[in-house]
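Paired with chain B in one complex and with chain C in the other, chain A is shared by the two complexes that follow.
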Partner chain A sequence: MDNNNNKTYPLPGVVFREEMKSDLEFILKDKVDRITGTGFDLLIELPPENLYVVVKELKENPRLRANIFGGMNACKNNKRNFLLINLRSAYNDLSVLLKMEMQNDDIETGYIEAANILEEFYKAAAFYKRTSRIARCDFNIEIPPGILDGLDCFDINIYADEDKVKEAYIDTCVSRVLDYEFYRDMKIYNLIAIINRFDWKAGIFPELCLCSAIEKLLQLKPTKRARYIRMLLCELYRISNHIYFILNICNILQYDIAYSMCHLERERVLGLIETITGSRVAPNFIRIGGVKKNIEEETLADIRKNLPLLFENIRKIEKIMTEDFLIIERLKNIGIISKDTALEYGVTGPNLRASGARNDLRKDNDFISYGDLSFTTPVGREGDCLERVIIRFREIFQSLRLVNQIINNFPEGDYIKKINLPHLEFQPGAISQDIECPHGIFKIYMEVGEKDIDSLVIKGPSMNSLILGGEIIKGESLEDIDLILMSLDISPGEIMNTQYKTEY
Partner chain B sequence: MPAIFKSNLNLLVTGYGCCKQDIFAVQGALYDIQRFCINFVNTPEDADLLVVQGFYNKEGITRVLNIYERMSNPRGVIAVGTCVLNKNLFSKDSKLLDWFRSVVKIYMYVPGCPPRPEAFIYAVLRILDES
Partner chain C sequence: MLNILKKIFFILLLSGLNLYICEYFSNKLTSRMELRRGYRINKEVSIGFPMIRFLKILSNDRKISIWTVFIFILSFLIWCAVPLSSNLVLVENDYSLIISISLYFFLVAALLFNLSESSYRKIFSENTKKLLILITFMVPVLLSIISIILINKTTSLKEIVNSQYRYWNILIQPLGFLTFFASTSLQFKLLGVSRKGYLSEGTGIGREGKGLDKVVEKISVYMIIFFLIIIMALVYLGGWQNLYVINGGIMLALKFYLIFFILLLIDRIIVRIDSYKMLVKINLRFLIPVSLVNFIVTFGFFILRDVYNLI
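After this line comes the complex of A and B, so read on.
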């Protein structure tokens, strides 16, 4: 049987795993304070001095084997300060969040100490340890942030021998714009309105993630019609995001025919989104318990009319791009990511699927109501830039078919379950929620008090892609750097989330 | 702006933010800003107008000023989006415009979060009309 068809990367949180929790409690009993289940992940609270022992146990114990480094975030507010480290396993359904509470002044030194410890086990953690890395080798080329969306949020320092990159270091100093407590004194409906700026290429997904997390806390399930409207918007935004990706690739390749065709098709999809939500980029459409507005029959008819046109025109773009040998030669065999490397760096979404691992939260987790629909996840083989472009084309066609299924089986009923938002009260606790956005798995971790959100950590998938991008440009020639980094589909709004400010 | 720019106006977009995708959407065949002889360029030396949009920290502001210094005279600035005009959504104490206005000349303000492509075209055409 083909290796691609084997499910090698089972996702966390399919079922809440009591067995894994009791195993962890047995293995780590003296070293940690508490282990609790928070929706998708297991939350392990531990003192900072035990981090080395716990990470070593998680990495090397044959029962656990947590080999994927998801990311590291600092959260700082007036109530509590903590570091959050995400580790996952590719071999079993293990996904843990390590939480270390610290004093207010210790958090920035604690961040560097934690990165030092994690670097021994995971290569990707070296990115978070910024200061010593820049002193280690001298760079002879410095590339400032570019013009295009996706390349504009970081500097690249390069040590190059003739035109080959020997050493590369990515610095996100221009994109550290976020306050630690941007959500302070903010009501939940205000937060829903601004959270879509964390992923402005596909703005519906952060809103959906936040609302799903709150619904999970309230144990509230939206109506069937609301779920179908959500799925319709998700797929439309996925198409729009992938066309924007191909458009940017064509812009770098100076391939003007496909570039202007992509613009036309993207405007067509954005027009459909605008008839539903009233906005192109920032929808502000998902509500707790449903959606903001109902979809009329005329809108569905409009979408039905536009689907064949979209299908035909995108097929045309695919044909002219994949039949042109100049494009193929330019994209082939550069920026190759193997499956193991992609897993090790915690890359998710289409970038991982292009490397040959079958991983889709929509399929594995019955996310929203995707279980009602029939579809397959496209998987690539090579893991180079061409494969990453082709897999996006295949995902666009897959999404068009999904939209067709959704509008043909559109259910009747209410579009929202009305709840009294000003008098909403929560059971205090922590919750984490994952969703499959066009770049990968978007994660939100939050702790709620009785009335409002106490602390919020947002982690997008683009950070992992960017860290891997810094590694795979080594050995490539200088002219390919833009192309390789653009082919990873980095969304700058997710890079903005790195809140830690360095001084050097 | 001087009347010389009526035949060729070059724009340079800086910063990073959600407005950027709607600014670059005017290059497409639907809006087609190039029929008014307006082009986007990649180097500050070629640019006549600087489009300031998106989120900035201290490092970002110094880089924008460096880009502005490299542009040749006559030159100007368009400020696009609420983050530049009013306040940054995610950083409460950022007051870019108050500080920026004292240093450079701003020709046009385009409100909206993010503004539609038509609004951006309208702003650039207003500048051309007034010249």
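After this line comes the complex of A and C, so read on.
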């Protein structure tokens, strides 16, 4: 067995984080309770009354400059209740989690107060504010879920002057309501089986994120073969997700020929995934320390046989789409997102890269074993709908090349490290894990006791895209709304109802 | 009297049969193209599917407006002056082309009025926009028709067909045919004949897309397309003229289905055009200028030939 496999998991950017931690401790010394490192982020525990001062310092201090609002989540369980706010910086890779513990009754008011405070510093935080239904009577068009194909997790209230959208309000009240303690009394292997519901377009990523977090806690590094199998599945799911994205765009454009071709190619990729995992949408394949089962040589040969076909057919779809002047005219110059706006709203993934920011966790953090592979991150310039479609095509081709590299360098060895799962013991603490999923950066924050998970906060990237979507449709014409929102690749599984938001 | 009733019966029979055949083939093509696993239409597409769909839509009770009645009457009245063969015409008139085109205008206008009662504003605005764009696509059709009238010096459809006994009008008016055909195919796309939610996008939401008025709307949408295809076949492609030993009626049917299938296939390879940007790009910058050039050339030819007797 490879000796490297027995080493502890190296935390990326440890040196930098320690330096930043000491800086933060110096700057915020009497305003916060504690600062700890949790994997990808620094966890700052603070009392709720100091939130304004701390956020102001984080935003305005030239050393920190945390200008990106990642999101806000409430966590309630039988042990503790807290609010978790994610802030990042575009300048120095600072990523902090502000944690405010509260009493059970206070969390609702605390959530609203925190949203009000954060709105002063970050535009995106206005989304989390409480809005009364009476204030929304001014809107003259209500788009219920279902009219926009594939986006059934929100409704939009629009105030339109003739054909132009003046004001837009996105309400996620129709999206799914998640029980705060869905993970309570649940074994870890059961949790892995259901967590893929958070992203039904690419279900492997939530599983991988959870397992990687637990592995980091256990200081366990999976075998090389397991890592390669994980990368293979990640790339196949990425291709499947991006084809699904293009398919939806074709559906809205009523471009039936490309729509049907996309279906066939997605079917081909899902078939490959099915041969590996035995499932198409909810894989339940990643395990702590490895994967569920090995990949046979025949399966690899099957993938190798299908790669040129996929490449050729997707190239054909790209050609017929990008050479059609009607499609270019329809997609060009609508829903433009500038680089600064995308960063400000915390958008990640291909949507951010289409705006010109080079940001890819696979490349930046040597995630799984992507360091072994040679690839470049495709970056766009314009940031409009056309650029977002083109960047997906380029990512599909890049993923196909990555799959080719993975198959050609497929290592021998075990596919899982055997661990005693029923009697697993953790060192109590908190951990956060980020992962580059096809929509952006998928984040998990987890607090563990000795035997089980105490708190679990899951945050998908689609929420930020949706908040930005509500902003960029202002000024656009009514006919382009569905195209713009679809071009942001919003996964309905990640959109969850924020129950404190709407006043009924 | 008996003769007229017989003709009415034949026209109704032909249009009903065509509706059934075209709906069946449209569904068949959709199911052929959508090869994804477990798609519902794969199982449902059979010879009886159009009837099942008709009954399914009809089963939802809904009040109908006065415009629905108008649409229903107009979609059959549109055939009154159109000769389907040398004998099969209800009203024999020297102005049959003008009457037919006027009825087609009225039908589109009635569809527009019917849509304005829609309760969802987005659907209402999208559909009215579609129909307004469709009305602008009538301009190339009109210019092509005027050119044909100038060439043949008659407004009777029967005489236009008879004048093509030597060669078809498509040879004299290729640009006119091109604009007419392009306009028809774009109208086909706009009306969404081959789509499930043909005119209204929001099918199945609330009360939209169900009930008797939807059936009537669907029939009218088909009738508009049938009418345009028949006019194209009569005016440009020789109508019911015999070809060697092949009967004229069979020739007309062949032309009709050939054009319908070409339109059905074109529908799959162009994207939706119900936006004002597309209207400017396609219609105002291409179709209308081309048809205008054709009209001016034809008009010049007409003046030289008939006013100054130079040709």
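Observations on the structure shown:
To be clear about the criterion, the second predicted complex is superposed on the first by the 471 of 504 C-alpha atoms of A that agree within 3 Å, B and C clash if a C-alpha of one lies under 4 Å from a C-alpha of the other, contacts with A are read in each partner's own complex, and residues count from 1 in each chain.
As a convention for this text, a contact is a pair of C-beta atoms (placed from the backbone, for glycine too) under 8 Å apart; a residue touches a chain by one contact, two chains touch by 3 or more.
The structure displayed is predicted, hence computed values, not measured ones.
By the touch criterion defined above, A:P492 lies against chain B but remains apart from chain C after alignment on the C-alpha atoms of chain A. In the superposition on chain A, contact of A:A282 is made with chain B only, not with chain C. By the touch criterion defined above, A:D179 reaches chain B but does not reach chain C.
Look at A:L264: by the touch rule set out above, it reaches both chain B and chain C.
By the touch criterion defined above, A:K201 lies against chain B but remains apart from chain C after alignment on the C-alpha atoms of chain A.
Of the two partner chains placed by superposition, only chain B is touched by A:Y244; chain C is not. Contacts of A:E296 after superposition on the shared chain: neither chain B nor chain C is touched. Within the superposed three-chain model, A:R330 lies in touch with chain C and out of touch with chain B [touch as defined at top].
Residue contacts after overlaying the shared chain place A:P144 against chain B and chain C alike. Across the superposed pair, chain B and chain C both touch chain A at residues 144, 147, 260, 263-264, 267. Chain A makes touch with chain C in their complex at residues 140-144, 146-147, 163, 253-257, 260, 263-264, 267, 324-327, 329-330, 477-480. Residues 33-37, 120-123, 125-126, 129, 189, 192, 195, 201-202, 204-205, 267-278, 281 of chain C are the ones touching chain A in the complex.
Residues 12-13, 15-18, 20-22, 24-25, 27-30, 40, 42, 55-57, 59-60, 63, 88-92, 94, 113-114, 116 of chain B touch chain A in their complex. The part of chain A that touches chain B in the complex is made up of residues 144-145, 147, 149, 152-153, 173-179, 182, 194, 197, 200-201, 244, 260, 263-264, 266-267, 280-282, 492-493, 496.
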